[in-house]
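For reference, chains read A, B, C and D in written order, and residue numbers begin at 1 within each chain.
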Amino acid sequence: MYKQVINKLYQELKNIKYNGEIASYIPELATVSASKFGIYLADISNNSFGIGDFEEKFSIQSISKVLSFCLAYKNLGEAIWTRLGVEPSGSAFNSLIQIETNNGIPRNPFINSGALVICDILISILKNPREEFLEFCREASNNNKIYYSEKIAKSEKSVGYRNIALCNLIKSFGNIKNDPNDILDFYFLVCSIELSCKDLAETFLFLANYGKNPFNNNIILTKSQAKRVNAIMQTCGLYDESGEFTYKVGLPGKSGVGGGIIAINPNNYCIAVWSPVLNKKGNSCKAMDFLEKFTTETDLSIF
Amino acid sequence: MYKQVINKLYQELKNIKYNGEIASYIPELATVSASKFGIYLADISNNSFGIGDFEEKFSIQSISKVLSFCLAYKNLGEAIWTRLGVEPSGSAFNSLIQIETNNGIPRNPFINSGALVICDILISILKNPREEFLEFCREASNNNKIYYSEKIAKSEKSVGYRNIALCNLIKSFGNIKNDPNDILDFYFLVCSIELSCKDLAETFLFLANYGKNPFNNNIILTKSQAKRVNAIMQTCGLYDESGEFTYKVGLPGKSGVGGGIIAINPNNYCIAVWSPVLNKKGNSCKAMDFLEKFTTETDLSIF
Amino acid sequence: MYKQVINKLYQELKNIKYNGEIASYIPELATVSASKFGIYLADISNNSFGIGDFEEKFSIQSISKVLSFCLAYKNLGEAIWTRLGVEPSGSAFNSLIQIETNNGIPRNPFINSGALVICDILISILKNPREEFLEFCREASNNNKIYYSEKIAKSEKSVGYRNIALCNLIKSFGNIKNDPNDILDFYFLVCSIELSCKDLAETFLFLANYGKNPFNNNIILTKSQAKRVNAIMQTCGLYDESGEFTYKVGLPGKSGVGGGIIAINPNNYCIAVWSPVLNKKGNSCKAMDFLEKFTTETDLSIF
Amino acid sequence: MYKQVINKLYQELKNIKYNGEIASYIPELATVSASKFGIYLADISNNSFGIGDFEEKFSIQSISKVLSFCLAYKNLGEAIWTRLGVEPSGSAFNSLIQIETNNGIPRNPFINSGALVICDILISILKNPREEFLEFCREASNNNKIYYSEKIAKSEKSVGYRNIALCNLIKSFGNIKNDPNDILDFYFLVCSIELSCKDLAETFLFLANYGKNPFNNNIILTKSQAKRVNAIMQTCGLYDESGEFTYKVGLPGKSGVGGGIIAINPNNYCIAVWSPVLNKKGNSCKAMDFLEKFTTETDLSIF
């Protein structure tokens, strides 16, 4: 059934031009073609279907925040919540203000401030954070062809003044333990991972499978942990459009400024959609639209 | 199965004293006994189970915001979103600020500012808002023994300076069309409805039943609408603890300062829990704790 | 000397049209002619000079906040500072936020929130606040032809939702002791006083004369008190343009949305300027410009 | 007259212990003795008087912001105001928020954000900013024994996360043109200048002398510029206590966390007071108290 709906919606939306813009703050993101459109659905029973540019790698950017959080959460468990919260955060504008009013405690792990704290945690607990994080992604996806883009990471850092500000502000409250410069290097590297829709759906499939890697049955997270990661994605996954996404799509999801969105239907499937043109909230216009129509037509949101 | 788990958890939690306080800003709420504890679960197949003080009426307060929203949404459909949003809002502190920064548009219908706009809408579209809203609740619950508490409504208005401020601030932006005084009278009346856990679970059961009244099969909301109301409850139902509730309980829910919490398991059941002692975020300590343990033990969150 | 400079600048500026708008939120203010322009200077040695529309009465609006503050300060002395502060406040936008963050304590007596608290104080300490405040103004100016405009007061209250919000918000923190409705009635009445430039300069002359009424030598404020009122006008007199006014004009001053500005040169003179077209900060464009040029040419700022 | 009053007040206040704390965020500031107390007054007619520890050098910290501003203002004139404003700013808390809401334009040159922009300007327009700024201070004071403390500058930078955050946030809005790291190095160096009360009063004397260096009659600033610098000190010189200082002391002033305060009586004198114990707003308790009593007893505020 999914296949037909995906096919139909892909044809419907393929040629629509949305009002919006491609992320252009670094040249590497700006050069992507606006017409790219890919979809890949993988379910926990080993069925999958892709269409369009689903095999082309793109910069997953903030979607990586879920993966870095999972790795930290796997290691620390509930103890992680002394360092950050699970509440939605509102606009980017509020980001710095909330650090002020919450004494350096980010609202959740999927906004920049929270992801910076997660990077700090990983640097503290891992011997080789870069290698181990990449290894974590590769194992989850059962795929060794996953790489950072050092070029994108470097380019982002060269203009990442706002994130530098955020990291130093958190440090001023003592909630960054390591050198802000090291955190930022690692943070931009984590964001720079490049995956195709296929890679992405396969990497996140363990979250639809109650924490178990569907390829080899390894336990990545406990069932309770996987559900909780989904819960945080539901309330905090699309920045200040998380409520809208929950309302319209009805699935836990996470977006990135590269134009990708991943959505999870627990105990069922994982779907990745990619289209680079972004709305004002920084989420892919076409991917949002596709996912709303997809859960409406399949009648399978979690609500 | 539910029955056994509820029974067990009821015994476990019954005598625990939580750190917190009963709402005391009006005498009518302050006099309720801290030891009250009631639970009622109703499912869509006509099974139900109650324990403790589940038949005693209490002031549902903010839980009524879901019902007033449903009545307005039923009438206006998606056109309602020109007047308010669906994004979580953060702390009460932010409430006034968000009205400022959003030019009078409340973030969602389940915070005070949003519920005031909903009351304004109902006053505009209904002939006899008081009677028709009460009638809506009675029909949903298949129960004519549902009443406002005029005494509580009056008492709340006499000290409701903050809500008066909020209503006039929204009016200053033009997003209240009627006289603020009329809005406030109706608003406090809506909050004053008194229901038992049994009443509450039965009233909200249509939201677990895809919008259809399980008692008479009348369509209260369309399936899509019911799902969307659940989605908003998920992201916005427990004020600045909505993320925490989603994380721990994993069900759409709504709380009130009377100590009640309602939670929906779509296509399955509706559960109401009541215990008056509140945490700092204004949600019932014992009800939160019960619901977390309940979805953990039954392994039936939506994620 | 003043006479010549005033004359010259009056001719220079008379026909200039400034980009800006006349206050139009109530009809009574909107109907004033944009071309009105009056100046009156009175010094402490009984010299005075007026030009243009200096004898025409206009709505002094916020300028009255200095007078109501003086009356309260005269009665309470330094004890008044338990109820409000003396710090500049930034934008109107911040007004509500500052009440929140300062627990109901307004930043200073010359913003709306502070003036509301001053009205509350006057209602608490005076038998007949309306009559006694009017009497205070008449005595200061040695002029019995000073009146409220009940029509303007009423008109302002009918659209004064933002002030109603502010007053109720302060009440919610307990820093308004009387009924908010009574405070608001009195507040709008105080704002509605109508004075000509001549009346205005004569009424405020005691502040240039170290607190002593120059017409009858009665002590209105002590020397120290008068200096302190001037000091507050310096830092807080022109809303979020107080710094700009201090920088450019270099005298304590107070503005109102009626287009009037009063400025004090301590131990020297008091000057009132009126021109209804307002800049974005709510201050008269032409009066600001005139006063900057006037203190530049006379070389007599306080710095 | 000044001499007697200073003498008397010095004896009165010398042994009073104020509730407050010495700045301790870097070891170099924390080791200063709490009992230090020095005063130095220099007037424009070449009279001067010092008492207590007036010849001991201390870290002037934020007081240097006036000097760096003067050097930039001397070079750019009114064109400087495209880069920052002249409005008071409220609390440190607001600092980051105001950068956000004002699109990177600091409220005034005497808060950290403004001083960072001034450093950026100086780096852009001067060949050797470090040498030229030091030379500027030495010429103003007619004193070659003025030095930076490289040790303090380095120590401050090592914990200056909040200023690093601020500088990068401004950079993200494009209102820092040079490398944030260079700005920060220069900024901390400027703050590290060490002066005695005598040095300080002599350095700032040109601001009491309408911009002319009283030692050699060189024009440092024009008369209008000097008055305007005084005006900004009046509204913005003591952080969120500028209104209080204006109210109580009635002179333009500037404070630093080293415990120094400088105050200007235009066309008259300049007075420097030093005592390291700070109140909650970061200003010296004893220096504030001394200056209030001093202008009260001499009856010579500007109002």
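The criterion applied here is as follows: contacts are C-beta pairs under 8 Å (C-beta built on N, C-alpha and C of every residue); 3 or more make two chains touch, one makes a residue touch a chain.
Not measured: the values here are computed from a predicted model.
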item: Count of contact steps on the shortest path from chain A to chain C; value: 2
item: Repeated interface matching C-D, over half of the contact pairs identical, chosen among B-C, A-D or A-B; value: A-B
item: Approximate Å spacing (C-alpha centroids) for the pair chain A, chain B; value: 32
item: Centroid distance [mean C-alpha coordinates] between chain D and chain A, Å; value: 47
item: Residues within chain B bordering two or more other chains; value: 93
item: Chain-level touch network, classified as line, ring, star, complete or other; value: ring
item: Residues on chain B engaged by chain A in the complex (per definition of touch); value: 85-90, 93-94, 98, 107-108, 223-224, 226-228, 230-232, 234-236, 240-244, 246-248, 250, 252, 266, 296, 299, 301-303
item: Residue ranges of chain B touching chain C (in the complex, touch as defined); value: 93, 96-97, 100, 161-162, 164-169, 171-172, 180
